[in-house]
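Submitted below is the structure of interest, expressed as structure tokens.
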Amino acid sequence: MPTESLRIENLTTGYGRRKVLKNLSMVVEEGSVVGIIGPNGHGKSTLVKALSGLISTWEGRVFLKNTSIDNLPAHERVEKGLIQIPQGDLIFPDMTVEENLMLGGYLIFDKEELSRRLEKVYGIFSRLLERRKQITRTLSGGERRMLSIGRGLMSEGYMMILDEPSLGLAPKIIDQVYEIIAGLRQISPTLLVIEENPTRLQNIADIIYLLDDGEFIWSGTPSELKKNEDMLNTYLGI
Amino acid sequence: MSISQISILIAVLGILVAIIAFFWGTSHSTKEFIKIDNRTSNVWKDFWIGMILLALALIFPAFGAGKYLLSQIVLFFIWAAVVTQWNLIFGIAGIFTLGHMAVFAVGGYITSMIALYMGWNLWAALPVGALAAVVFSFLLGATIIRLRGPYIAIMTLAIAIVIQKLIVSDVDCFVTKDLICYNFTGGAKGLFGYGNFGFKELLGYKGKIYGEYYLSLTLLVLSTLFALFVIYSPLGSTFRSIRDNEIAAGSRGVNRIKYQLIVFTVSGIFTGLAGGVFAGLQTTMGPNVLSLSLLLFLLSMIVVGGRGTNWGPLIGAASLMLADTILRDFGQLRVAGLSLIILFAMIFLPNGLIGLLSNIFNWSPNKKENEDRVSIKNFIKSDRSKYLKRGKWIKKFGNENE
Amino acid sequence: MDIFLQILFSGLAVGSMYAVGALALSLLWGTMGMLNLAHTTFIALGGYVAYFCMSVIDASWFFVLPLAFLSGLVMGYIYYHLVIRHIYANQNFSVNIIIASVAIAALGENTFLNLAGGEALRQPFQFTSGLKIIGVVLPYQTIFTFIMVIILMVIMALIMSKSKLGQVIRAVSQNPDAAKLMGINVQKSFAQAMMLYGSIAAITGVLVTGASQVFPSVGGDATVKALIILIVAGLGNLRAGIFMAFALGFLEMGVNYLFGSRYGFPSMLGFVIIVLLFKPNGFFGKEVVNRV
């Protein structure tokens, strides 16, 4: 029986007095790739923020490896191995590429281990190696996304959450990004990928959830999703 | 009249204001966009609050309050008038000035200088002082209005400090009378001997305090009326829209700086008048009106009462005057006490006493937090609802397939 | 020539004074977006610690700087946990903290007044004589302060670029949310920045009071001046801030000598206002773009 990696029970949260997520429940099994899709403005990013601790949980519980994490501040969740790879803008704009990557390994104090991981990341993203001394403000969108993923890899966390890895990128770059994500399974086996549309996810995800207006309204395997194209048209207008 | 009696009286007054204000609640909470329809009813609420307070204030001296208490209330009226205007700039228009006392000082100094050097009657000098304050306010506003919030706070504070330093260090003789040298600005000693409002001649020695009382009350009433007028005018709703979302308001062509400058300038009228009245009642005008402790005192009135609320400054002024009466007994520690009050209010009462009251009275065990948003959303995409049901059906169906 | 040298030397003295203030204050702006008017409390703290150390318990001058360092560290820690942390949790931090720090400044002044009295005390950690150059005295204290400014700047630059603490402080200042996602405890690093600030500020307090005397409100003017210097230079640009500190120091002293000492500060402020009229983000400041 596969162990549970992440369990969400009746998660409710929002901003100020505005409720965005209503009673979400889901389970991510260890070693699986779970995709969450849904239209813009229906709580995808809110879910990511609630999981990583950037906004607080109003009601419900979140468990990582059967320990409750919903009361922990963001940095302690990272210590527990829940790594978020944020959307493009959450980088440190006035630092070099290498400094950004080193901050990804902030929790590692062993210098040799740190440089070993740095080499590994540079091995995956040769582009970042070329630009290691460049200020990240000057990077292109695709390079920033690579940096963001590479920075997440530095920590070699237990589970990774990718927030819209294809957002705002050219199709060719998206292909590259997804190749890398497929390769991620070797490093961090459990992935939660958030996307607006399912086309790319279908190839890598084991289970896909559909998030609409703060609620999961459907879940199933990618092949089941294909059968329900009618529903996709309704929700996503594809 | 003993201090405890005074404290009790002021406390009663403050509580009255607070209770009445509750009926009206916080006007500028997050629920603003719902309340906007109730604007006319808010006006009436404010009208009745004002009327009750005014009636209380008008008949108060008839209860035979002592001279000391009345003079404290006179001071309260003046400070309340000043902080009402300050709140208009600070809380409503969002200009974080710490140089408001400089405008007050300009009003007071010009009034007393005109009376002193040109021999005018103080009553005639009052409007001139107010006008000077307006001009100064405009210049001050034009200088700092384009800066960012924290910059404005520091720059206005620096300007106030420099004005105080210039006055204190003024040692050149402007007039020499009987071998005594008088400086143009009065220097560290301050200006004196420019006469008074003539209440003593008009009402006699005993009646003088009543004249002062009603004069300062008039000032406060006018100042409050003006503040409410601005809040309910299109200008007020412009500022609310800017506060809700500056970028959105800006893209609809709302010129924040222009409106801010208008409010900043016009609020100089009553601030300057308050300065003039203060100078006339105190019969001396010194640089201590620009001192850090007075700044802190008035600032804490706004912060404790509730920034950006209609009656917050009044409640704040009442409670701070009360606190000050108590703190006065501790002499040296007065300033420390004031600082602790302001820190306490900033940490525990971010919306001031008004915010606290409305939290208490609006509290209910199971409030529906989401009603307004849902209703708007339903309205926007009412045609979606059938798909939502269908989606649930599909979910069921999908589960069956597994 | 004499008057020129006079202006140069005293400008150097006050310039270094403003520079150390700007140095410490810019650290807080960079980390938390905080303009700290309570800087004056830290300056007075440094001064009184030096006085206490050498004149009250007759300890050696050797202990003054370490003791000031320690007391500033502790003060910074207390200040952060009792006040800043809570105000940071509410909205509108950058303006609220100015109000709060005015209150802290008044509280500190009042405390020193009650503990040590209001009279100006001679702060013993200072050099009394000076170097004579063509009849004009350049006090050793000025040279010492100037050297200390350079040392402190180098130390700060090293901490910010090389150490893990500096890296974290920069990360937090550039993007607090992203820093949290890296596993950085933002509150802890704010507290650390505050402690670093406190210790630097207390040391500058020793230097500043050595040049004058120590009394409860000793740092008030220097604080406001350092803040407007940072603003006119463009916040976040430390090198421009240091340059402006000396430039305005020379301006102030020049006016003082030529037109009388009461016009120094006003003319300095006038200059700042004129600059800000044309460049609201400061002389070397960048336009701030708010992303929607």
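A, B and C label the chains in the order they appear, each numbered from 1.
In this text, contacts are C-beta pairs under 8 Å (C-beta built on N, C-alpha and C of every residue); 3 or more make two chains touch, one makes a residue touch a chain.
Treat the numbers as computed from the prediction; the structure is a model and nothing was measured.
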item: Shared chain contacts [subunit A and subunit B, defined touch]; value: C
item: Contact-richer chain pair (by C-beta pairs counted) among A-C and B-C; value: B-C
item: Chain of greatest Cα-centre distance to subunit C; value: A
item: Interchain centroid distance [CA atoms averaged], subunit A/subunit B, Å; value: 49
item: Interchain centroid distance [CA atoms averaged], subunit A/subunit C, Å; value: 43
item: Whole-Å separation of chain centres (CA-atom averages), subunit B against subunit C; value: 32
item: Two or more partner chains touched - positions in subunit A; value: none
item: Complex interface listing, subunit C residues touching subunit B; value: 33, 35, 37, 83, 86-87, 90-91, 94-96, 98-100, 102-107, 109-111, 113-114, 220-221, 224-225, 227-228, 231, 262, 265-266, 269, 272-273, 276-277, 280-281, 288, 290, 292
item: List of subunit A residues in touch with subunit C within their complex; value: 52-54, 73-75, 78-79, 83-84, 86, 89-95, 99, 102-104, 106-107, 151, 155
item: Footprint of subunit C on subunit B - complex, ascending; value: 96, 98, 143-144, 146-151, 153-155, 157-159, 161-162, 165-166, 169-170, 247, 292-293, 295-296, 299-300, 303, 332-333, 335-336, 338-340, 342-343, 346-347, 350
item: Sites on subunit C touched by subunit A in the complex; value: 167-168, 170-171, 174-175, 177-186, 291
